[in-house]
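Chain naming follows the written order as A, B and C, and within any one chain the residues start at number 1.
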Amino acid sequence: MDKNDFLAKYRAGTMTRREFKKALAAFGIGVVSVPLVHKVVRAADLPLLLGWGGYDEEGFHQQFISKFGDPPLFSAFGDEEEAFAKIRAGFQPDATMICSYKVPHWAAAGVIQPIDTSRLPNFADSIEMLTNVPGTIIDGERYWVCQDWGQTSILYRHDLVELEEESWGLMWDERYSGRLAMIDSLIDGVMVAAIYGGAEDPFDMTDEEVVMTKDLLKEQLPLLRYYTNSMTDIENSLASGELVAAVAWNEAYAALLGEEVPVSWMQPKEGAMTWTCGLVLMSGAEDVDGAYEIIDSLLSPSAGVYEMSEWGYGHANKKAFEMIDTKDLLRVGLPEDPNTLLNSGIFQKPIQNEPELQTMFEEVKAGF
Amino acid sequence: MRKTGISSRKFGPLGVYAVVYLLFLYVPVLFLPLFSFNDSIYVAFPLKGFTLEWYGKMAASGGLIEALFNSLKVASAVAIFSTILGTLAAKAVTRYRLRGRGPIVGMIMLPFVIPGIILGISILVLANAAGLPLTLFTIAIGHTLIAVPFAMLVMISRLEGFDRNLEEAAMDLGENAWMTFWRVTFPLALPGFIASLLLTFTESFDEFILAFFLAGTEVTLPVYIWSQLRFPSKLPNVLALGSCILAASFFVIAFSEWVRRRGVRGEAAAPVVA
Amino acid sequence: MTEHAKVTVGVAAEPERLGLRVWVRALFLRSEQARGYALLSPTLIYMFLVLALPLGLLVTFSFWTQNYLDFDRSFTFTNYIMFFQKPIYPALLWKSIKMSGAVTLATVILAYPMAYFLAFRVKRAKMTWLILITVPFWTSYLLRVFAWKIILGYEGVINSGLKSIGLLENSLEFLLYNPFAVVITLAHAWAAFAILPIYVSLEKIDRSLLEAATDLGDGPMMRFLRVTLPLSSPGVIAASLFVFIPTVGDYVTPSLVGGTTGIMIGNIIQSMFGKANNWPMGGAIAVISMLSIALLICAFLWLIQRTKRLV
């Protein structure tokens, strides 16, 4: 029974039940036999990159594509902890994107292996400060190379906030109760409280400092509209006026300016935080050569220019800063000389006693 | 047949309620098309201006479209498999007085109670042990697991109290089991099938956490959208896609309704689907 | 039932006359248990294959402890004791149950008249109506959450609307980012899952029963309470379970619209397997939640049975 015949009979109501069932069965078999596994062939010959959603855009992989014709295989995650759980359950990518402060944890878990930078020609052009980020060289072996960086600070509506001084204290200002938001993570959330409270080393706190941080977080909780991990939430809320200030990443500043929302980016007197993210080589990678190709391609100047002009993140490659149009840099809120920004803030480091801090943070968020 | 007042008034207060309820279902959803034409990356009032930019970007975003089709494939397969498995189970527990019925139903309901992240992690472990590469197939396996309870409960609520004499009469008339199923059981269970297919399709189409753990390089739509949430500038493309899904669904509904009405007018035949 | 049993016995008594193959076949066809289990087997085998490991892992984990990255595999009740020692866990579980209860109640009560309308008032195009109800849920859930934020937000539709007609001076903050918003969003998200099963069970009610009730002098209300509602109870039960069980463990909605006060037990479980990286504790919390849910459901079903017998 062809399709038109089917429709005609259906319309006329003359179709017998048997015919209808046959059609239904045919449809069912058709749907079920649609190949669910059509990419296996390709999976065999290209390396696999695990990264945040969006890094599969071809602008990042030009060097790789010019060599192999296609971008690397890509699998996306939303946050590193989910990726870590997935890897521990047996998922096997060749290279993975993580931020520097996670490196000791991943290395201790044995999921990553040392990187031989002599196999990464573009690594030689890295900004010097980014080649020795704390925690990424373990026992003399380099486990991580930096791809991108930026700042974590307060983004606020200057039309709605009366600022007395540039300080993290804005996030504890009762005048703006219910109009503030924090990032839901240890590194960009709890560390803010630690820095504001004046912890000697926020990333390696004493017991008293942990108590102090917890008290500050508890004090802050009723003032917050929400905790989130999504810049989409924060940007939308700042744009609509739902929020007047929030802890954010610098690309959110550029994006809001682009939409002509009256926002400012704070340089708190206690220091903004600098984050650095990059790439690791997985233990048990099936295609180590391919992994090096992926990493080197992501470190290339062309990927750098693309990332800075399209995304507003700083890139690790010096040559990218030379190649990019200065106007593009200023448009996204990056300085011409990356070192001015990199020297100004507090570098994020691996957090000691992470599990205890996380448990404490969960308790605070749940109201205990 | 004397009317009992059940069908004489079509749109009483109940009809009004139904319309209000449909509004409740649709009002949030109808904001998606509104903002998909808004000339701002932010989903906030006031509206900025009219643009078709996001539809262009959506069409150009290979990942988004691919994710949509992946989701459609997985959800269709899941709907069919889980409805079959759910129906068999429902038939067994409603038709036969089984020993251990309670524990069995309980076990089939289990995936419903286990947190998704735990299912995701352990099915991934299982797939690795079995040497299965992560593809849409593994996602479908996971989704079928959580869709079967839906299918089974819907079918139980349809088949419970089902008149066995009908089936037995058919058997007595010399029909074999298979024909009995097609001629008697199937038509009676049809509304249940439809409800089950719709629910299991929807469940799979919108599921995130299992799909995340069981996805290799091909992702489903919710996983793709979740990973894009990092970028506010990608949200409008996704709004445009949501609007297109809505529009396409309406088109299909309107078309089949039009076909049906022409059929009804033509020969006053009973619709195939009751 | 007894009829079948008798036949089975009769057949079993004279196996040699029928021949072994026929006997096995007859036994298979006639025995309730064998046929029932044969019908169940594909589903059971599938569920067992995919489910045994997750369940086994979960329970095993919950009796281990985690030391940074390594599991300490010695058997211990530490996690379970911890659950009841720290007020946060029982309190969150109880809060989640209350919130899901509210969602379930709201969803099922709102859905019932709609399902009733579909089953009894809609004569043609039922299929169209069913799909019409499901279509909103084919747009991504995350998008619908954004839509709710537009409606309930500080500068959202409701607040701007009320302000523009002068009913409101300052925006209401309590509409979004709290348990209330979680309940509304969930009640919307699970609507189809409540309507469809109720519709399916209403649809099969024999109309002659309703007529009989009318003939016996029952008014519409009595007829509904004595005939329609009890006969549709399998659908109502299914709907309640569909909404209640998944929402107790939900973590996405609370984290998106729950703000600082809308957190539920699912968020804690999620973080134990993710950020906090303490799988054993996560396992123990999950096991306790599952047992609580199971107990609640048993109590719920028992209550329904009792009420039915009373009516």
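One rule holds for everything that comes next: contacts are C-beta pairs under 8 Å (C-beta built on N, C-alpha and C of every residue); 3 or more make two chains touch, one makes a residue touch a chain.
If you're wondering where the values come from, they're calculated on a predicted model, not measured in any experiment.
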Could you tell me which chains make contact with chain A and chain C both?
-> B
Look at the interfaces B-C and A-B and say which one is made up of more C-beta pairs in contact.
-> B-C
Could you grab the centroid distance between chain A and chain C? Build each centroid from C-alpha atoms only and quote it in angstrom.
-> 34
Hey, how far is the Cα centre of chain B from the one of chain C, in Å?
-> 15
Please compute the C-alpha centroid of chain A, do the same for chain B, then give the distance between them in whole Å.
-> 32
Touching two or more other chains - residues of chain B | 43-45, 117, 121-122, 125, 226, 229, 235, 260, 264, 271
Going by residue number, chain A touches two or more other chains at 82, 85, 236, 240
So which bits of chain C are touching at least two other chains?
-> 146, 149, 153, 155-156, 273-274
Contact set on chain A toward chain C in their complex = 79, 81-82, 84-85, 105, 108-109, 178-179, 184-186, 221-222, 224-228, 233, 236-237, 240-242, 354-355, 358-359, 362-363, 365-368
Would you pull the chain A residues touching chain B in the complex into a rising list?
-> 7, 10-15, 17-18, 20-21, 28, 31-32, 34, 36-37, 39-40, 43, 48, 52-54, 56, 73-78, 82, 85-86, 89-91, 230-232, 235-236, 239-240, 252, 255, 259, 261, 311
Given the complex, residues on chain C that touch chain B span 1, 32-33, 35-37, 39-40, 42-44, 46-48, 50-51, 53-55, 57-58, 110, 113-114, 116-118, 120-121, 123-128, 130-144, 146-151, 153, 155-157, 160, 188, 191-193, 196-197, 199-201, 203-204, 207, 210-211, 214, 220, 231, 234-235, 237-238, 241-242, 245-246, 249, 252, 266, 269-270, 273-274, 282-283, 286, 289-290, 293-294
Contact set on chain C toward chain A in their complex = 68-69, 86-88, 91-92, 146, 149, 153-156, 173, 176-177, 255-256, 258-261, 263, 267-268, 271, 273-278
So, in the complex, the side of chain B touching chain A is made of residues 40-45, 63, 73-74, 76-77, 80-81, 117, 121-122, 124-125, 127-128, 133-137, 140, 182-183, 186-187, 212-213, 215-219, 223-224, 226-235, 259-260, 262-264, 266-272
